[in-house]
Every structure is written in C-alpha cells, then in structure tokens.
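These notes open a run of structures that come right after.
Two complexes follow with subunit A in common, the first pairing it with subunit B and the second with subunit C.
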Partner chain A sequence: MDSTKPLIKIDEETSDFIAEILEKGAQIFPKEELERILTCIQCGTCYGSCPSGRITAYHVRVIMRKAQLGLKEEVLKDENLWNCTTCYTCQERCPREVETTDTIRLIRNMAFEAGYVKKPHLIVSRNFIETGHSIPLRDEDKEKRKRVGVSEIPPTTLTYPEALKEVQTLVEATGFKEKVLKLLEEG
Partner chain B sequence: MTKYAFFLGCIAPLRYPGLEAATKRVMQHFNIELLDLNGASCCPAPGVFGSFDLWNWLVVAARNLSLGESLNADLTTICNGCYATLQEAWHILKEDPSKRRRVNEVLSKINRNYNAKTGIKHIIEVFANDIGIDKIKSSVEKSLEGLKVAVHYGCHFLKPRKIRGHGSSEKPHILEDIVTALGAEPVHYKEKLLCCGAGGGVRAGNLDAALEITARKLASVKEAGADCILNPCSFCHFQFDRGQVELRERKGIEFNIPVIHLVQLVGLAMGIDPKSLGLYENEIPPTYLDKLGLR
Partner chain C sequence: MEKPRVGVFICECGGNISDVVDVKKVVKTASEWENVLVARHYTYMCSKPGVELIKQSIKKRELNRIVIACCTPKMHRKMFERNVGEEGINPAFLEIVNVREQCSWVHHGDNEGATQKAIDLIRGAVKKVENAVPLHPGKMPVKPAVLVIGGGIAGITAALRVAEAGIKVYLVEKEPTIGGHMAKYAKVFPTLDCAQCILTPKMGDVAENPNIELFTLAEVKAVEGVPGDFKVKIKLKPRGVDVEKCVGCGACNRVCPVETVSDFDEGLGKRKAIYIPFPQAVPSAYVIDFDSCTKCGKCAEKCPRKAINLEDTEKEIEINVGAIIVATGFKLFDLSDYGEYKYGMHPNVITALQMERLMNVAGPTSGAIVRPSDGGEVKKIGYILCAGSRDTNKGKPYCSRVCCLYATKQALMMREFMEGLDIWIHYIDLRAAGRRYEEFYKNAQIEGVKYVRGKVSEIIPDGDQLIVRAEDTMLGRPIENKYDLVVLCPPIVPSPDITKLAEILKIPLDEDGFVLEKHPKLDPVATKREGIFACGVITGPKDIQTSVSEAEGAAAKAINFLIQKEKIIEPNKAYLAVPEKCDACGECIEVCPTEAISIASEKVEINEILCNGCGACIPACPKEALDLKGLSEKQLMAEIEGILTGSESEIKILAFVENEIAYTALDLTGVARLSYPSSIRVIPVPSTSRLKLKHILYAFAKGADGIMFLEAPEHEGPFGKAHAIAEERIENYKFDIEDYDVDSIRLWFSKVYVPDWRKLVKVFETFDRMIKDEGPIEQEVRENILKQLSQETDT
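Take a look at the complex of A and B:
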C-alpha cells in the first residue's frame, strides 16, 4: 500500500473543516505537509506520547479523527484543546508524519477566532498589545534587575516608545488587536 | 570577534534577570560580543501567540528578526520559546519567497524589511559551535566535580527536528557533553525528555495540569539523586523554580530541587561569582554551592 496516499478522500460530506485547516494553514506552513492529516490511521502513538493526554481529556488522536469527520464545532468548543503544551512529541513520533502539533495550533487559531478562548490568554494578549511583552515589569523585577547588575528597564519596547508603536502598528495591521479587544469586550 | 544580538524575550528580563546578567558575563568571558537588540518585543511566544493567530505571530517575529538584520548580526537567545518562534519564522521566510513578500508588505508600514539573511542561534549552539566543547573544557577554572546534574533539554530546542536540525530528539547529548566538560556528572533519570509542563499556554490556562507535569518530572529528578536540574530555557527555568513554590502552596508537595540555567552553570565553572550570575535570585536556594565549597 502506498503510505503517502490519503486514506480519507476530501469530499463535501467529510471535508469542510479539514479544507479550512488546510487553507488557513497554507498561509504559514507547506500545504502538502499539513495534508498528512488525511493519512491518519488512528494508531494512538500521539496520545501515548502526550504529557497532557495522561492527565487530562486532551486526546490528539480523537481530535485528528473528529477533524477528518468535519466535527468543527465539537472540536473548537472543547476546552481540552488548550491542554496541549506544544511539546511536539506526538508530531515527531507519528508514523504517518501527520503535523499534529501544528494542526492543533491551527485549530486553536480557529477556536480563538470563534471566541472559544480562556480569560488568562486574553490578558496575556492585552499585555502584549499594550507593552510589547507578554508579562508586566513590576517594581520587584526592577529591584532584581538592579541587584544582578543589568539596566533597571531592559532595552526592549519598554525602553523605546517608538519601537512599541511599531509593534502596535503591526498588531493592528494583522487584525490581531481587533480580535482581542472584541473578545475582551464580550467578557 | 564573533558577535550576536542578544534577544531577551520576556521571562529572563522581567522575572529572572540573573539569566540575562549571567549570559552577558559568560559571553564576555569567551570574547563573544553581545549587542543590545534595542526595541525588541516578545518573540511572540510560539505556543501562546502561535495558538491565537499564526499570521500575527509570523509578522511580529519577522520584525524582531529584522532588527538583527539591520545590525548585520544573528540573534542569540537563552529561551527555547523565543528560539522556537524566531528559528521557525526564519526558516519559513527563508524557504518561501511568497510568504516573505506578504510579510514584508506588512512590515513596510513601519519601514522595515526582512530578507532572511540573518537568523537566530540558540546559546547552546554558541557554546557547542562557536566556542566548542574543548575550549570550554580547557577554560574551566572551578571544576564542578562531584556535582550531580539532571539535564533538561526542554521541547523546542530539538523539536520539530526537520526545522531545528539538531539531530535526535529521543537521544540528544549536547547538554551532557557540556556538563561533562565542566567536570560535573549528568545523571540519568526516567523523565529526562518530559516537557516542563508550561508551554502552549497551559501554564496560563490550566496551571494545575502544568504543575502535574512539572511534579512528575521533578519527582524523577529527585529519585535520581541529582543536586540540581539544568535547563537551557528561561521559561522552563521559571516553571521549575516558581512551579515548586506553587506545588508547595497548592498541593503541599515539597521538592526543594535547585534550578540552574546552562549559562549559569558554565559561569560557575569559569569562576564567575555566584551572586553576579543571579544564583541567589531563584525561589529555591542554590544548595549545590555548599557541595562545591562556594558558599
């Protein structure tokens, strides 16, 4: 049997979700690599390798199957989607070379856009949009910096307002800022 | 003189600046010039911002890379997360001119441009390739003999292999090679390849799950009788150190395993003062210094 040949045929009944993943994913990753999801044989190597899978109901194998079956809503709204640490062990070990971790990241992008998102992740996003960093610089951190002999404020967007402005222009241009603000407003 | 632009990221400068200080001191020791990457931002984090919006992730990463390109210098980093984002973005934009064109259309709004002529090297690569294991070994001023080190690679230095290109992710050995060159002893432990638990937004979104993974790892380190856990990543460092406080407070589990970053361990062996390497800035005290007669 030709192992590169998709086991699942993309057709109207099963494929809308996969087609969307492939289309969105092709903006970032090589499409032919993402298409490996069509060759998944449900062996479970991914689940067996997963640090989160052994302690939560995050099951990569099941998500791959549900994606093949086009169960978009069911996958996007399941909170367990956010238990992947993106360790890439499943992707490295997959005997069919399915890009599992990157597919999970793409599915999460769709969940984020649909509003299935965790509050702490919105706060991290807001921090990034406001300061250029994912976490704030607190007074105690400034003290720590002084103690170890580096500048009180690091030479990043925190020191250079014009650099922060650049980052803010970019997050606006990509549409990320608008997405985050809308989700924050909706609470 | 070999030079790099030092990409700080978020965790090192804002939570563990000792790692930033140690990197500067150790690189100076080996005559590697570190330029400030003025105006850099969050990389953005691969499993967090990459999980929210990959297009935005790629564009902001390209800006950080472009800052290095205007200095005509590769970036270097002490964080696997920053490395993952910037190395992957470099790879994507180097390989695919059409993606580079689209990204540069956005970057033109801030009068920047990235041609993928310069990229990023992890500090492990600087130690292994620019300085070299032999040179590290011959530069040791304070042998770390007797120190038992549990080596943790973290996930994103090695994986995905086809993009990172550092060989096996199941049997890596570069960190053990460095530890051995310093005179210390890498100890074998069962969960060596296990993730720290923090990545992918799990630390922020589901702390209990993140800590459960961390605890599994630390229990294995303890069982092996290691004096400390060594990491090459600010975020893993944060998770192991701060995570032990959270495990104590939330679950009543006590490990007391000191956490040390690769740059700090090398710095110790080079005879640099522990205080200026930030070793006292961790939550878990550096008890291994007693064993080395350095306290």
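Take a look at the complex of A and C:
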C-alpha cells in the first residue's frame, strides 16, 4: 500500500490487526490485559508522555489508532516503531490501562518477521549473535573497568564460552540468526 | 378615614446605620412633621426590646401607621408585619425604609449626604403610608385534581405518583395506548434491562389505579380558568371499539381486509385497519384506524363481544383540575433536507427509532436484522451520530444527549445475538456523561464495537449497499466504509403540536421549542405559569432515568400546590378604580403579561388571581381608570413629593427600581460596602412599567434633577413582557419630556441582572456626574410643568 495516500478504505485495505496482535501476545500476556487496546480513546496521554516522541517522528497514539483501524502494513513499515525506548512511561499513565509498550514490542516482533527492521538494529543483533553482547567490549571499556577495580573482561559470555554456546543455540533454534543475517545481506 | 397617627422608628443597627446616618437628627426632624406622633431611634429595632418599643408606642399613642427605617425589607419586613399586626396594624400601613444597604453602607464618608437622604426617604415613606388603604389577602379553593398530558414514561410516573397521594388524576394520551417511546424499545441503556419488563407493570398500574382516569386518542382542546381551578376541554377521537367490552381476542384483526403501514413500527411493518399497537397496550383493546378503514363491517360481524362500533364519533368532555403536568415527550427531527444522508432516498438508510423496531423480537421482522431494500443479510452497520444535532446550519444547535448511548446500546445488543456483525459508530464527541455510562461505552469497545471520530460527510449508494465518507480525525485522514445498513441518529425535537398546546396552556417555549422552565437550574420542573409543571423530554432531551426523576419532581410540585386546599391571593393587584371612565378600549389588555384583563359588559375586568401586580396596565389606560393596590396613584405621587419636597440636597436623583432583581442587585452593592453618590434616592416599584409620564413630570416639578429606571430583564424578572414594556415606555418618555423643556439625558434606563451589582456603582457615578454637569433644573421650568400638569388634570 502506498503510505502517502491519505484515503483509508475500510476492509478493502484493512484487516483485523488487533486479533493478530492478541494472538501474537497470547503466550506472554493475559488476553484481558492486551485487548484493552480496543478501549483506547485517543486521549494522547501516551504520546504526551513519550520521551522519544518529543525528538523523533515516533507517535505512539497514532500507532494505537492505526492498529484499531487495522492498518497493519502501514504500522509494520513505520520505521519510527524502532524509536520507542521501552521506558514504559506511557503504559504507566494510560487511563484505559492499554498495554502500550508491550503492544509496541509485539508489533516490532511482527515487523521483524515481516522483514521491516532498521539497519542499526540488525547490526546490534549481529553483535549479539556473534558475542552474546549487543554492544561490543571496546579497549576503553576495559580500561575503565580496570580503573574501578573490576575484572577487565566481564563475567558473561566473554568469560564463559559455554554460555555463549547456549546463546548461539537459542538464536539458531528460533531462526533469529538466519533471519538477521539474511536481512543484512539484502541490505 | 381616621386621621393618620404615624410612628417613625429608626434603627441604629449597632452602628451599622448610626455611624454614618445621624439618627438623632433624623428623629428630631421627623418629630416635627405633621401627623408624626412618635419618632424614636434604638440600637436594634429587630431585637425583642426594639419590637417591644414599637408595640408599646402603638398602644400608648394609638398609632395607626408605622414607618421603620432599618435594613433592607427583604430582611425583616415579614417579622415586623407580624408584630405590628398583633397590634392591629394592617400590612399596608407599615413602610420599611432601607437606610442600611441603600444608604449607610454605600455612603460611608458622606455622613451629611447620607443623613439628608435618610430623612428624605423617611419623609417619602410617611407620605406614602398616610395615603395607604388597608389591604386584605383573598382566598380561593383549589380543585384537588391533576391533568397529566402525555402518557410516556414521564407522564405515567407522574400520574402514578400523584394518584398515590390520593389525588385524582386525568391522564390524556393522543395515541391509542400509553407507553410512549419506551414501549418501542427492546432494552434500555445502561443496564440493558428489558424495556417491556419494567414498563408494562407501570402501565398496568395506571389502568388499575382507581384515582387515575385514562383518556387515549385524546387531545386537550382548551384550558380556561386560573391556577388552582382550570377548566379543561378534551377532544376524544373515535376508537371504534368499546374498551370495556373488548377482550383482545383478535378475531377482528384476522378478518380485516385492509393492510396499511404501521406507525408503531415506524413505517417498517404493516398492520390491519383494526389493530392493537402491541400486545401489552393499555388500554388493552383493539382500535380502528378510521383513516384507512373501509367500513366493510367484517370485524363487527366476527366480534364475539359486539364491541365494535363503526359509526363511533368524536366526543368532547370537560374536566376541572387544580394543576397540570405536561409530559408530551419528543419526536425525531425530519432529515429530508439532508441530501447527503439519503434519508428517504435509499431504503437502507433508517433512523434509530426504526432500528429499535427492526431489532425488536416483537417488531416487523421478529427481530431479524435484514436489509429493508431486499431482505438481504446484514453484515455491517454504520451509525451516524449527530445527524443534525450540534448543527446550526440545517439541524439543531444542541446535543440530543441520548444518541451516543442508545447507538452503543443497539450495537451491543446486536453483537450479542448476531455473531460477527460488524458495527461502526461515527461520532463527533462521544458523550457518555451519566452514572455508569462511560463504563457502558468502554464495555462496547471491548465487545468489538468500533468508533470513528469524525462526522459523516456523505453517504453514497452502491446498489443495496452504502458507502460512507468521513474523516478519522484521530489520524487526520479520510476514510470510506461500506455498509449494508446505515442508522441515522437525528436530533430529538419537542413533541408535535407543542406550539399549539403551549398556546392553550399559556406557557412559553424556549428558542428550540421545548417548554421553558421557571428557572433552568433551581426550578426545572415548573413552567413559567403557576400550577403548570413539566417533565421528561418536553423540557429538553434526556434519558429515561432523568425523565423519571423529573416526573417524580413534577408530581411532588403538583401535590404541594394542591395540598394547600385554599390558595392565598395577594392583595397587591390592579383594579378598575374609576369604572365610569373605562370605555373598554382594550389598551390595557395588550400589555398585560398574564392575560388577566378581559372585557365584560363593556368594561374591563381584571382577574385578581391571574393579575400579578406588575402595574404595566396602569399607564396603558388613556382614561386613567386603573389603579394598583399597594402602590396607588395617590401613594406614588405622595411618595415622590415626600422625598423631594423639603430636601436640602443640591442635586436630587430619583431611582425607580424593580423590586426583585434590580433591588436585590442594589442591596448586594450595599452588602459589599461599595460606595456611590448619595444623590440617588430609591423608590421600589413592582416594575418600572408602572410609571406614567405624569409621575416623571411630577418628580421634575417637585425637585428631581434626574430620574433613573432600573429594570429586571424580560426573561429573568417575575413579570415577563412587562419588563420589556418598561424599557419601551421609558425610551418614549425621553422624547416626551423634551416638550416640557427637560433634556432627555435626565432620564436613564438600565436593565439590571443580579450579578450586575458591582457595575451599578459605575452607572450611578456616571449619571450623577452627568446631572451635576447639567446642573439643577430651573425653577421656572418646574413651575411650568406643574402648571401644565394641573391643567391636564382639570380637562
């Protein structure tokens, strides 16, 4: 769908996106909590609270509305989805108790599966697949660690290769690794 | 009449008055006046010893007129009236002079001016009371019966409540059954109670209550008489079926060959010419629709009870009641002018009331939601809220208050029994203000009803379907949605023919045609006319709960009104003082706001129950044949003269002040201890429409330099159009006084609302300055006016 075209034709161009979100979240969140997105009254508390919304084009209220209307493609393609800091401020404050942040996270998963993900997130994912850390340990970090009197290498996958193995088994079993590498390759 | 023996009593109010007004000087001055036998001051006149002082003086000096200068009469007049009454003083022989709120409290720092003003006002009161005649309130028996017009849920509730109090009720309903709109619904928000289950027992109670007499197919034709004793003519349309005999077997209905559109089903279904609107109808009897009946006689032949009379005729009856309750409810606004909604152009665009019938198991489709166009399946429904409400362009300016909720109700109910039915509600603002209403809305959201913010702009037919164009204002983008059925929620407007009924009842309607409340906040179920009350949607859109609460209120009001058995008739009324002068020209009839004046044997007759004593008719009479009890011509002239003659003030301004709203505002200026010039001297009048040109000229002749008129606004004041007439008259007097060499700027008219009290200071200061700049009126001019006035009275 051409996302610049303003007209929305209900049903012809929309689908029951909320049902999909509920299904996606079914294993993690109780249905009666997640389905509160149906009761969103577009009051704007979430967007008004959002630290990312103040400096980027990420608009959480609009995403909730688009989800209600069933504009699935538009939501998944929205690059701004990745600007949520997952600070949970909006979710804390929503008067209808909509699980905004959790919903955004579920939508991100769906976007990732559909292949809509930002390059920096892919790079971070590759780091994680390779080292078990999303942010690599740089020399200056080691220096700092030494200065404050802890071991230069942290007691994580970097110290315990068997732990790294576990991580790698997981990312392979879930198909995460394959997907990330494929997406990186495609650019 | 016995010679006046006046007592003047001035209260110090513990310094509140005496710190500014020199009460000793007042007493000394007053005691020198003719007819004043006693003049005393005291710390608190309203205290027991103060009252005792007055009573003792009456006894010792055989006083027959009392003037008390103290706080506003709104404070203690009743109490003083009672006490002097115990000494045999008629209320008309008591005058209260307001020297606190309208003197000492507003002229602090101007003790001399305040003292002079107090003396002048008291002198005016003494002159007025000297010219008073005793007045006695009348009594009128009240007819212990109530007429309730309209048998919807509001009328039913009111009727039952009044009947429970043991008072006779006549319930008049224009349809063949009571029940009103509620009888058409399956369930009601927000409880989703079964409407029939809660309504029909009440309808049954109406039928069974021995105190209630029910008239259906009935219409109020005329109302005569006065509050407490109304004579009402009721027209009864022929029913064709004897209610007493009919047992509701329906044999007639089965043989009737005529089919016509069912109005009860909002035109969606068919019915026979002999029919019963719905099985639980009250009265429980069939009815013939004579507009479509061909008088074939088949039904009459079949009726086992011989209940049918095809030659039934219209009848008229007359009843006598003390009070009336109006509960005629509403209808929906006709949307034919909204081409964009295609109502009446496409069969699948229906109103919410039609939807109530369509989804009702007792309705034309037995509850099956089908497309009216082809009977096809309905998968998707769109609701259009505010289809004419909140629209000053083609619709109604107000919110109809229940549409958001009933649309939600209908959607919820349908989703309950039709799985997968997709319902979209298009709204401007979702208004769910009411107990449990927001929760009701939220529940509908959870149940999957979809809401779109943005008023529908257009409906485009697409075969049997309809494309709805609107904006989703949350996204700021246009949307299009295709429905099998579109439900319009039109404005709720007053019941048909309310204009005619209001004329018969002599009650005003508001700008939207709803019955105007006596006070929208504090007296919401009383109309502007005594003895007539209103409840339910006829006073404005509302839900059932509020309609019922109002009905309870209206019933209580009516009961209260009737329980007095005898109505006190205040004596301050207009009367034909010089009958031989009246030639029945009818000028007075034109101005009377209560239609109290009529012509009988070539003279006017003023109904003392209807007359509210505004005084508007008195200047209207070109023959000077009318007068007002309590503020007669003589009293008014004497008061004017008393205030002005002998006053030592340099500039004198008289202010005629309407006694309720404007006077209260003026008191509030005093309570706030604001300050204005002491040149202003107030004469309270029921309405400034009481004043003739003669009074004004006389005041100028006797020493006034400027005259003010402070009048209540038409809609807030107690006397309706009399307040408007006042303004008109004063504007004319401005021209008239120029003929007597008095500049028109010496008259000032202001409309005063109670909250205006702060502004009054500015008004007084401005006028005082204007008059000071003009200077006093020359003596020659005054003498000339006096000469002309006496010439006029001679001829």
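The rule is short, and it goes like this: the second predicted complex is superposed on the first by the 172 of 187 C-alpha atoms of A that agree within 3 Å, B and C clash if a C-alpha of one lies under 4 Å from a C-alpha of the other, contacts with A are read in each partner's own complex, and residues count from 1 in each chain.
Please note the rule applied: a residue touches a chain if its C-beta (ideal position, glycine included) is under 8 Å from a C-beta of that chain, and two chains touch if they have at least 3 such contacts.
What you see is a predicted model, and the numbers here were worked out from it, not measured in a lab.
Colleague: In the overlay, answer first, second, both or neither for which of subunit B and subunit C A:P136 touches.
Modeller: In the superposition, A:P136 contacts subunit B only.
Colleague: State whether A:Y116 touches subunit B only (first), subunit C only (second), both chains, or neither.
Modeller: Neither partner.
Colleague: Mind working out whether A:E92 is in touch with subunit B, subunit C, both or neither, as first, second, both or neither?
Modeller: After superposing on A, A:E92 lies in contact with subunit B but is clear of subunit C.
Colleague: Which partner, once the models are overlaid, touches more of subunit A's residues, subunit C or subunit B?
Modeller: Per-residue touch count on subunit A favours B.
Colleague: With the two complexes superposed on chain A, say which partner A:Y47 touches: subunit B (first), subunit C (second), both, or neither.
Modeller: The answer is neither, since A:Y47 touches no partner chain.
Colleague: Could you tell me if A:F17 is touching subunit B, subunit C, both of them or neither one (first, second, both, neither)?
Modeller: The answer is neither, since A:F17 touches no partner chain.
Colleague: Which partner chains sit in contact with A:L38 here, subunit B, subunit C, both or neither? Use first/second/both/neither.
Modeller: Only subunit C is touched by A:L38; subunit B is not.
Colleague: Between subunit B (first) and subunit C (second), which, if any, makes contact with A:T174: first, second, both or neither?
Modeller: first
Colleague: Under the definition above, what is the set of subunit C residues touching subunit A in their complex?
Modeller: Checking each residue of subunit C against subunit A gives 380, 424, 430, 442, 445-446, 448, 450, 453, 472, 474-475, 477-482.
Colleague: What does subunit B use to touch subunit A in their complex?
Modeller: Residue positions touching the partner: 8, 10-11, 13-15, 17-18, 20-21, 24, 36-42, 44-56, 58-60, 63, 92, 96, 99, 102, 106-107, 109-110, 112, 155-156, 159-161, 169-170, 193-195, 197-202, 204-206, 209-210, 212-213, 216, 276, 278, 281.
Colleague: Under the touch definition given earlier, write down the residues of subunit A that touch subunit B in their complex.
Modeller: Against subunit B, subunit A makes touches at 27-30, 51-52, 55-56, 82-89, 91-92, 101, 104-106, 108-109, 112-113, 117-118, 120-121, 123-125, 128, 132-137, 141, 144-145, 147-150, 154-157, 159-160, 162-164, 166-167, 169-171, 173-176, 179-180.
Colleague: For subunit A, which residues are in contact with subunit C within the complex?
Modeller: Going through subunit A, the ones touching subunit C are 6-11, 35-36, 38-39, 41-42, 61-62, 65-66, 68-69, 96.
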